[in-house]
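Read through the structure below, which is laid out as structure tokens, and then see the notes.
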Amino acid sequence: MNSINKLTELFQRFPGIGPRQSKRFVYFLLSQNQSYIQELIRELEVLKQDIVMCDSCFRFFSRNTSKSNLCSICSNGNRDHNKLMIVSSDADLENVERTSVYDGLYLVLGGTVPVLDKEPGKKIRVKGLTDTVSARAQNGLSEIILAMSANTEGENTGEYVEAVLKPISEKFSIKISHLGRGLSTGLELEYSDSDTIASALKNRT
Amino acid sequence: MNSINKLTELFQRFPGIGPRQSKRFVYFLLSQNQSYIQELIRELEVLKQDIVMCDSCFRFFSRNTSKSNLCSICSNGNRDHNKLMIVSSDADLENVERTSVYDGLYLVLGGTVPVLDKEPGKKIRVKGLTDTVSARAQNGLSEIILAMSANTEGENTGEYVEAVLKPISEKFSIKISHLGRGLSTGLELEYSDSDTIASALKNRT
Amino acid sequence: MNSINKLTELFQRFPGIGPRQSKRFVYFLLSQNQSYIQELIRELEVLKQDIVMCDSCFRFFSRNTSKSNLCSICSNGNRDHNKLMIVSSDADLENVERTSVYDGLYLVLGGTVPVLDKEPGKKIRVKGLTDTVSARAQNGLSEIILAMSANTEGENTGEYVEAVLKPISEKFSIKISHLGRGLSTGLELEYSDSDTIASALKNRT
Amino acid sequence: MNSINKLTELFQRFPGIGPRQSKRFVYFLLSQNQSYIQELIRELEVLKQDIVMCDSCFRFFSRNTSKSNLCSICSNGNRDHNKLMIVSSDADLENVERTSVYDGLYLVLGGTVPVLDKEPGKKIRVKGLTDTVSARAQNGLSEIILAMSANTEGENTGEYVEAVLKPISEKFSIKISHLGRGLSTGLELEYSDSDTIASALKNRT
């Protein structure tokens, strides 16, 4: 198999990329000058050295932005260390961070748990989860916010995490909360589903 | 102008119907036998006689379903007459009713108020709104729920209605609430906007 | 069942209209003043009197546009009566007519024949087809153009019509042609299917 | 700027990739084990050595598939060397090749010429085009098929190429043809544009 096909196969594993677009990537690279490809190779080479996983929240961060094994959020004394928001992915964390409405800490599960999954513990960072929560529990953690997507897999992940954390949260009296459900921006009442309306009514303000 | 073009024009005023689909309607009618068209004409003729507007909530209902000038919801003694949900349209009301999570009364505004509209009072049933709320205020009304779509026009309508009702709500100590904002069913955290995340965080449960 | 529901059911038979939009039509009508509904009723009443089917091509036309039983196209001496384009619907005919590139006559089948249909003769105007073609064959008809949509049902309809017309076309030496296949406006070569590329190559000009 | 952001920027230049998906690529890579990234780097390194451009048709091909500087199509004695199809991109060539209906040679322009572009000669391989066509003209080339997408840019590219080739094609009496226009697979007559209908009528078969 030649380079075009091999690279096409490798790009096909990228999230959301099918065989056609994958091949377009390869032709695109062939049409670029060598310096662009060299830069791409160089950045791929340093990626795993430059980027490390935070020892506490498990998000990826650049060594240059923090001198410790903790990311800039976890090592920031101005953030509220008594609140911990649990999210599925780095992308979720970044999107919440963009809103600037949350000042606590995070924990990135690194995945979601599909419904009826037989080995949920292999889909997310369970050990990291209990380790971090246990450590923080002894340092004043008062609330865990489960910030899951409002779909079946998100809900299932939330329930699984809640069950895993139950012993610790009960022992240390840590409140476990969930992001509020309701009408999201742009939603029309006429086209809202029952669950959303029921939540919006319950959470009326 | 011939019948095809005239009917095409009339159907074009139907919500969401453009000139092409409008014409397809006419050709569809031409291909149907006369009995279908006769039935359509008959139902159009009785529509405004059969269907009346409720004196209290202004929704449309069939004379056959209620002996009074009040619809089956307004005249239902088992519903909570102390709660009044204000919606924009009959379709909104029906969608909420389908969820079976609300047991109070409704009021249909019959429209929405666009932002910066110069005559908001002409877009919705303002007189009906104040008349009904005033009457209910003297009969134990304790909460008004503004159930608007989560878009700019819905929010603007909600603000306008709240301002209109302020004198009455203050005089009779009626609470005015809004449907809760948050993650609606299916929404992924990664793609949620700032407002929705902020609301979901605030309304966490 | 009340008028709202009955009308909703009747509108649901309109092409492309589901239960929700159908109901929106009814609420829309309820919100209109009576004069609009009266006009709609009046036009529905005269529709089948005003609009008749052309004796020769079977398109619908207004009595006002022609004094005979033939539509304005069939009775137009300036059009080429030796060419007959066979289309499925009035909408197809109108779309071709809009292009102003065809100066012959038409024949509207009033439907298409699904693949493996057991009674193809009930889906289109077979008797009208053979009657008109036979009559025109004796008056110099030299070409029949099958103008079907480029999908399976269109192709099947074309084959069926061709088989039906074979005895007449052979007897009178009438050429039967099909609309050319190839790249349609906007199509990119990279995303064209095999059939289209094969046709485009064969019909290269 | 850290590796995540640098790589995000580099991936953003990939065709059809925006900032969000670009970042998802990086997080995806971070979640993969090092061997996948190593393989990606290795293939990127050999890409430009393994893949060369054909001296005659300018498509990319693997050195392994051909011993000469000509690709497997150009060096294939069983193909018709008297026909030359000119396409914009390797992807276009591959799509035509997939249909197995064309047995001649190709020439890849490596781009398209936007309308009113001031330097059309910089958008496509003009020198390669005239060199190859001149060489083939002296070896029996009888037809050049312009296989452009059926959009404005494709048509403009076709016109530009035709003008460039005019001196050679006239001198050697080479026919220049264009892919046929018409109804492409799936297109409905009712929704066809004027140009397509006009072409389909002209190219009727």
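Labels A, B, C and D are assigned to the chains in the order they are written; within every chain, residues are numbered from 1.
Keep this in mind: a residue touches a chain if its C-beta (ideal position, glycine included) is under 8 Å from a C-beta of that chain, and two chains touch if they have at least 3 such contacts.
This one's a predicted model, so the numbers in the text were calculated from it and none came from an experiment.
Between the contact lists of chain B and chain C, the overlap is empty. When the C-beta pairs in contact are tallied for A-B and for A-D, the bigger tally goes to A-B.
We define each chain's centre as the mean of its Cα atoms; on that basis chain A and chain C are separated by 55 Å. Spacing of chain A relative to chain D, judged by their CA centroids, is 40 angstrom.
Residue positions 89, 91 of chain A each touch two or more of the other chains.
Residue ranges of chain B in contact with chain A, taken from their complex: 87-89, 91-92, 95-96, 98-99, 101-102, 145, 147-151, 154, 177-205.
Residues 2-4, 6-7, 10, 13-16, 20-21, 23-31, 34, 36-37, 39-41, 43-48, 50-51, 60-62, 64-65, 89-91, 94, 110 of chain B touch chain C in their complex.
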